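Presented sequentially are two complexes of subunit A, the first with subunit B as partner and the second with subunit C.
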Partner chain A sequence: MLRSPRAIPYLLLLPSIVVIAAVVLVPVLVSLWSSFTPYNLTRPATLFTFVGWRNYQRLFANADFWWAFGRTLVFVTVALNLELVFGLALALLVNRVTTGRKTIRTIMMFPMMFSPILVGFQFKYVFNDSVGILNNALFSLGLITRPIPWLVNGALANFSILAAEIWMSTSIFAILLLSGLLALPQDPIEAAKVDGCNPVQVFRHITLPFLMPFIYIAMTIRSLDVARAYDMVRIMTNGGPAGRTELLWTLIARVGYQNSQMGMANAMGYVSILTSIAFTFYFYRKLSLSRRYMGGAE
Partner chain B sequence: MSARMIEQPWQRWAIRFALFVALAILCIPGLWVVLTAFRPNVEIMARPPVWIPQHPTLDNFRRIFGLLPAEQQGLPVADYFRNSLVISVTSTIIAILVGMMGGYAFARFRFRGKKAMFLGFMLSRTVPGIALSLPLFIVWSRLGLIDTKIGMIVIYLAINIPFTIWLTDGFFRQIPVDLSDAAQIDGCTRWQAFWKIEFPLARSGLASAAIFAFLTSWNEYALAAQITRTTNAKTMPVGLMDFTAQFTVDWAGMSAMAVLIIIPALILTFIVQKHLIAGLTFGGVKG
Partner chain C sequence: MAEVHLSKVVKRYGALEIVHGIDLDIAHNEFVVLVGPSGCGKSTTLRMIAGLEEISGGTISIGDRVVNSLPPRARNISMVFQNYALYPHMTVRENLGFGLKIARQSPAVIEQRVNEAADILGLSPLMDRLPANLSGGQRQRVAMGRAIVRNPDVFLFDEPLSNLDAKLRGQMRVEIKKLHQRVKTTVVYVTHDQVEAMTLADRIVIMRDGHIEQVGTPIDLFERPVNTFVAGFIGSPPMNQLEAMIGSRPAGPVAVLADGTELPLPPEFAGRVTADQAVIVGFRPENLYPAGHGIPAAGQTLDMDRTVSLSEPLGTETMLFLDFGGREVQAKMLNPRLVAPGERMPFKLDLGHLHVFDRASGKSLRA
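Moving on, here comes the complex of A and B:
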């Protein structure tokens, strides 16, 4: 049986499956189990006490959780949309210049090399009220007389984190969309122009539909790593001031590791896992559909 | 939208200006950190700010490596660097070997459950790091893997394998099946055909997949922060947090460490940039 050619692909995939099972599948099941227990790190025996839906009931009755959950959804939605818009704008700009495109693309890759924790550190520094470059520049230009407390004020801190997130990930959109633009066939555009389409019409009816698969690839890739924002927030504000920048991920870390309430944290973790999967699945489906559409058009 | 469109001079200048501003925003924060790494503390705190470093120094680097005897004791940055290197390199090599096998299986074979399995691998990547760290912390502490390099290597393997499969699947698909078939007709076994024909053709793609895997491990924080504790296994990104206390931040030391983290990433990304785009889009669009 093992020697038959039918077994070959399974044998080739076996090591991958074993690793994923050990590091993701089993732990995710452990996570599911422990979310039904009052597991506390200080009392190991509690891992084996089953309490049913109690953690989830408490969770869904907890305002802090809903704030963090809602803030995370808003944060992700706003960030992804702005990244798409800025990335598209940047790609269109680069597509319009003919010289130095390679150099520009290299510079655009700059933020992609940064570890999220570094992006967080960098913007913690940029937005620091006493030594940060932003306040320094505003002072030097005479625009402000008192330092702006970027990371101390709740609303400003949310803005700062959003800015850091957008800085980190706009490039991914820009680079992917630029490669789409470079692959764009010129004939339909020329034809449309001859037929009297204006640039806006050309963009809406030719360029944009062609770019859709690229947009979905970018969205799929981003939805896979969107939780990297945790690293950034951890170092920039760690959820503060007074929980005003708390995202689901920072809340999980706080409940699980600082308060040792592992059972509760795993329940939250499960909510975040299911949300992420739903999110990725949505874009992946869109990607498959647009791929099929592209295949049909060829 | 094409470059062939006739442009007014003012339009050309407007585009250049907009691009310049965008690229400046992308560069300045990082540049500022690099400059800070080479500044004495007095200059960092100076008011009015000192823009161009007046007294460039390597003292910040000496300090974080504990080479300045008189001042504070150094942090174990050398240990962190070694841990990061060992963990990232080992997990990358294994991930490429294992992932390549998987990618080849997806590209060249039809088998039952193929689609579901591929989706399963991709979905395994959607689990947020911090959510995964909770059960891993529970399981790893029962297995005695907390704060070990092996423990981290295995975790990064699981993170890198799905992406490697995705990339190599794309690369192998681009290589015509006929080449391998021809070699097999000429008397090669499938195994020989793979190593003589398909592997050399996919080599540059594999190299870029390796660099991706290395960078993912090198930059990862959420899992390493919970699973590692001491100089046994703590990595650079985790070590970076050593510099922040509740109310004080050692900007100079942190910037120096940031430069140490970014340099390998910079070099590797520069090498791989050509494949970066091709890898991401080909793997995705031509599926």
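Moving on, here comes the complex of A and C:
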């Protein structure tokens, strides 16, 4: 049977099938299975106890989970929108520059060259209430008389994490949108000027619709990136104070590795991954809608 | 009323001067075509009128307003671009109405004007399509419709037909001419195609290297080109141009060609040429024809037998290539019959339509 001509394609594909199964398929299936078990790292035998939807039921009844879930959603929304606005402004500015644009583009990419862990350490130092450069600067300028507890107060801690995230990733938006601006055909813009548009109207009616596909691509990529935020939060606040900056993945890591409740952690992971898929789906829909008419520009 | 006046208009990019102080007066409702080879400054001039390029020197006025420092939106002009420049994310209807919407016209007015334009241009069945789903000719029509809905003082066309295939170009040319007869407005039209210039223009402006070479009606330019450049640019196929020396004979001046042939010059050149002057003699292909196959000359002809090296049958006429005066020239044969290469035929050259240019300056020696 192995010698039959119909088997040859499958035999040739077999090595890759084996590799994919080993590194993707089996882990996915095992983790999916474990989300239906009370799997605890300290008691391996629990992996074989099927409990049905129990993890998910507990999860949905768990306020900590919903707080982390909601906080992640807010975090993604606020970070993405601010990064979009800042990135767009940055791209529009750089687009006006005629000499040295390449150098500026390279400089813009500096924040992306650092590991998020290091960015986390750096901002932890910046926002440190006693030795941090920010508080010291505010003191020296006479703007504050008492140190501001940036990473200790819940709201301020979230703000600090957002600031670090935006510092690191705005340039990704800027680069993607700049490439859109550079590809922007000049003709419709000139036509709009002749048609009576002032610069703001040109931007609103011509430039922005043209940029929408680029914006949605950036949004898709970045929504996945921000939704899996872990490293920077882990370093800066570790979810604290008192869980006020706990995001989905910091919570999942805590449940899985510190509490060893791997079954529960996997159930949480699946919920967050399905959410991310929903986000991606939404942005792709928007993307293909906005791209529909961009074929006939010339 | 919208005349357009250009006075000593200069365009510089850094140290490089593209347009060297041109003067041009365009009358109300006149259709003026700027024509010339690529790089002659015609598009730049048009874009300066539109306000898409800054004017480095001189003044441009539309009506009685100097527009030098006005942005395009304040000039009340419309422009049709070479690549149509439609708004890709708007339907045909939205494209047509965009300018009116920006001008804050009421929806009823927009609707009415857009429908009028669509009727004129036959766009009514396409109103809800996006530009991506239109053919080249349809896009061109939308671009023109977008220009006419706004009732501008001046229409500017920047090589609007050069992206269309030959057949469609001919059709659209006729449509543009009809459109101008219907929607009387001042038009400035840029093209590199002399046929478009000849067929459309009330007046043609021929440009080269940032200078205006000649301004005149199509017939003017065809019959009385002021220099060898205009002579070679207007007319298809171009005028035959031969190097010659002026000789003086008792009957009047003659042009002596490189092979010794003597062409008696028309009387209008008497006194305008001097003996031994180096000149270029020009004649159009239709003024050199096989005996019995041309428009009979009113005056004197030069008769000769020549061998045809190549023939191009075009249907109503055949172009013949033959050696004359030391060069290959083209002759036009009306009522053609099949001509085999190498065939020897009697030719007639109509001496009444000779052009003579000074060889050094290229300028016409005609009065």
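Descriptive notes on the structure:
FYI, the second predicted complex is superposed on the first by the 262 of 298 C-alpha atoms of A that agree within 3 Å, B and C clash if a C-alpha of one lies under 4 Å from a C-alpha of the other, contacts with A are read in each partner's own complex, and residues count from 1 in each chain.
Here, contacts are C-beta pairs under 8 Å (C-beta built on N, C-alpha and C of every residue); 3 or more make two chains touch, one makes a residue touch a chain.
These numbers come from a predicted model, not from an experiment.
When the two complexes are overlaid on subunit A, subunit B and subunit C sit side by side with no clash.
Contacts of A:Ala191 after superposition: subunit C is touched, whereas subunit B is not reached. Judged by the touch definition given at the top, the superposed model places A:His205 against subunit C, while subunit B stays out of reach. Of the two partner chains placed by the overlay, only subunit B lies in contact with A:Ala227; subunit C stays clear of it. Between subunit B and subunit C, B contacts the larger number of subunit A residues. Once the two complexes are overlaid on the shared chain, A:Phe36 sits clear of subunit B and of subunit C alike. Legend: residue contacts after superposition of the two complexes on their common chain; A:Ile8 is shown touching subunit B, with no touch to subunit C. Minimum C-alpha separation, subunit B to subunit C, in the superposed model: 8 Å.
Residues 294 of subunit A contact both subunit B in one complex and subunit C in the other.
Touching subunit A in their complex are the following residues of subunit C: 50-52, 71-73, 77-79, 81, 83-89, 98-99, 102-103, 130-134, 139, 146, 150, 156.
Of all residues in subunit B, those touching subunit A in their complex are 1-5, 7, 15-16, 18-19, 22-23, 25-30, 32-33, 36, 44-45, 48-49, 98-99, 101-102, 104-106, 109, 111, 114, 117, 119-132, 134-139, 154-155, 157-159, 161-162, 165, 215, 218-222, 225-226, 237, 240-241, 244, 249, 251, 254-255, 258, 261-262, 265-266, 269-270, 273, 276-277, 280-281, 284-285, 287. Within the complex formed with subunit B, the subunit A residues making contact are 6, 8-10, 12-13, 15-17, 19-20, 22-28, 30-31, 34, 39, 47, 90, 92-98, 104-118, 121-126, 128, 130-131, 133, 136, 139-140, 167, 171, 175-176, 179-181, 184, 186, 189, 199, 202-203, 207, 213-214, 217, 220-221, 223-224, 227-228, 230-231, 234-235, 249, 252-253, 256-257, 262, 265-266, 268-270, 272-273, 276-277, 279-281, 284, 287, 291, 294. By the touch criterion stated above, subunit A contacts subunit C in their complex at residues 185, 187-188, 190-198, 201, 205-206, 209-210, 290, 292-298.
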